[in-house]
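Labels A, B and C are assigned to the chains in the order they are written; within every chain, residues are numbered from 1.
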Amino acid sequence: MIRNVFRAVVLSLGLIAGPTTAEEPFIVVQSTTSTQNSGLLDNILPWFEAETGIDVRVVAVGTGQAIRNAINGDGDVLLVHSRADEEQFVADGWGVERFDVMYNDFVLVGPKSDPAGVEGGSDIVAALTAVSQAKAPFASRGDDSGTHKAELRHWEAAGVDPADASGTWYRETGSGMGATLNVASGMDAYALTDRATWESFGNRGNLEVLVEGDPRLFNQYGVILVNPDKHPRVRASAGQRFVDWLIGPDGQAAIEAFKPNGQQLFFPNAK
Amino acid sequence: MQGFASEFNTAIGLILNGDAELWAIVLLSLKVSVFAVLISALIGMPVGAALAVARFPGRRVLIILMNALMGFPPVVVGLLVYLMLSRSGPLGVLELLYTPTAMIIAQVVLVTPIVAALTRQVVEILAEEYSEQLRSLGVSRLASVPVLLWDARLALVTALLAGFGRAIAEVGAVIIVGGNINHVTRVMTTTIALETSKGNLALALALGAILIGIAIAVNAMVSALTLQAEREGLRHA
Amino acid sequence: MRDLISEMAGHIVVNGVKIARNGAALLDVPHLALNGPGPTLILGPNGAGKSLLLRCLHGLIVPDKGFVKQDGVPLNTDQTARQAMVFQQPVLLRRSVSANLDFVLKRRGLHRSARKVRIAELLAEGGLEGKARQSARSLSGGEAQRLAILRALALDPDTLFLDEPTSALDPSATQMIEGMVLRASGRGVRIVMVTHDIGQARRLAADIVMMHGGHVVEHGDARQVLDAPKSEASRRYLAGGLVT
């Protein structure tokens, strides 16, 4: 009886084992959670894959980690949103060239009760100042991501060092955008988020957009081919095709056409 | 959380209607973890049995080390495997990062100590009982290993299940080395993490329900096996 | 008895064997020669060192001092391979009855068909014909001990050691075991069996080794030891034993 069970297990294993993946060309794109969680990449990548037969495998992490992974050579293309870091990445020789792809904006979300009284404003620096003065709970990514870096720039402009309040009203989650929004939703905290993640986020609770429209909340995405001179095994030609497609008319049109629930989340702006 | 009930219903609907994408994820989870457990068994059982019957200096230290490894944090294992498999790492040439194979490797690292440690415990008790009899039959210490492993098979199945439980429920390591790539390395736990981060708590919960269902099914299977074995009188004295 | 030179192989000689633990002597046997046709019964009270002596004879325990020789050769694995042992508590593999026998036959390198024939013979010898496929661990105490003896016999040993094989069994189960022991002896297997049952010694023994306090106090023809013991320790044990 036991032997028969064993036989059956072995047999069924053989069936599900099979070859893991058929050998088809693919590239690995190191990207951010916002492009994945919003559904953008799931939506536009099939177009590219149908056209080229190149499978695009997306690893979605924070911008900081995505860049570090790319420096390690664990990706062929980098698609992130922290311009200064991207330019540094290219300047250090890790990337070939940086191209603008698309933009959207950051928004400050917070509880309807709005203890800092920032609702309806369009000055992010003034709003953060008010939050810090009210010592209202604020959930930060705290993960060296593009959004986290943008947030820190605004605190700096406000002359507030949130690190001083770390653990009191300033809560660093050390997690992705969605996880941070879950925290904010759970504790009725303010949070800075990219609009795409916010729009596709399903657990808003009492949160709503309180501050938007500040030009400083502009959120630019860039794409870079990882430098094959640094990492010879980078799939350079397939990666280059993806970069060309993304900043070319087809890719730009696909981004333009992505409108979940009729709302546009990313605006193509490749030159 | 207004739409929680309806979202949960949707999720249950996906499961019941055999949504192809969902089941592909479930199947990949099973495939990765079953493979990992089988490889762990091939490594961990002989190692555990050898530690149970062999006597050599440093054996106690090895056993303590092995028991400690049972509780190794998955994230650390993930990080170590990532550093090995990264293109900048020593095994970068194999191009295994972000593949199911990488996830299997990480789970093997997690599960092997469990299998080895539990095997050692079980076999050591059995070896004590069998020791004189096997020597009388002229079976050397080395040759006694397969005999003990086979006769401890019921307890070893339980050890493998413990390993399987750790493997299939683990997220920290596989998300680092697998990258949670859609259709390639996305398994149940990483999907749950992803859906949670999207705020789709109901779908995440429904996936969690499947995970629990698998755990129950596997344990029920083993319980049935044990019952059958008891009936056949194979239970350990 | 000691003058009888048997045709059987497997003469065992004990010389100057001593075992001590924590300063206390557990076994002290200056000389013992087991070269008769047997069966030899080792008799004595609990703690006399009977089982310890048996384990020394089979090489399971290496004495602190002295040595055991078989046919003039110090015990080694080749020597002990010609011996088999049945323990007080049968240790059966967690497999079927026939698999327990097959395990031994396979190790001896017998071919599949030969093993099949031999297993059938052995099962018939032990009255376990109907239980071949049953789990060995589900056997009754008497059946389990019979299987343990069959498995020992499957080794085709020159010498079969038995350590109080019937101590936990009822009279009918004991009778079956004794029958198997006598038949094996009749086929030329040298039997060396430990017991504290004087009746059993009387039923089976050709010669008796009487032990007390780690010493061999007497070794001789069964009738002589039982009816006219020479040592004071034997007399007291047999007297006490006869009372029960």
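Everything below uses one rule, namely that contacts are C-beta pairs under 8 Å (C-beta built on N, C-alpha and C of every residue); 3 or more make two chains touch, one makes a residue touch a chain.
Note that the coordinates shown come from a computational prediction; the quantities given were computed from them, not determined experimentally.
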Chains touching both chain A and chain B: none
Chain at the geometric heart of the assembly (C-alpha centres): B
Inter-centroid spacing, chain B versus chain A (mean Cα positions, whole Å): 32
Rounded Å distance between chain B and chain C, as computed from the means of their C-alpha atoms: 47
Centroid spacing, where centroids are CA-atom means, of chain A and chain C in whole angstrom: 78
Residues of chain B engaged with two or more neighbouring chains: 153, 232
Complex interface listing, chain A residues touching chain B: 1-2, 5, 13, 16-17, 20-21, 28, 33, 36-37, 42, 57-60, 69, 71-74, 175-179, 181-182, 185, 200-205, 231, 233-234
Residue ranges of chain B touching chain C (in the complex, touch as defined): 129-130, 132-133, 135-139, 147, 150-151, 153, 232-237
Residues of chain C that touch chain B when the two form their complex: 55, 58, 60, 77, 80-81, 84-85, 87, 91, 93-95, 103-104, 107, 134-139, 151, 155
Contacting residues of chain B [partner chain A, same complex]: 1, 3, 7, 27, 30-31, 34-35, 38, 86-89, 92-93, 95, 97-101, 153, 179-182, 184, 194, 196-201, 225, 228-229, 232
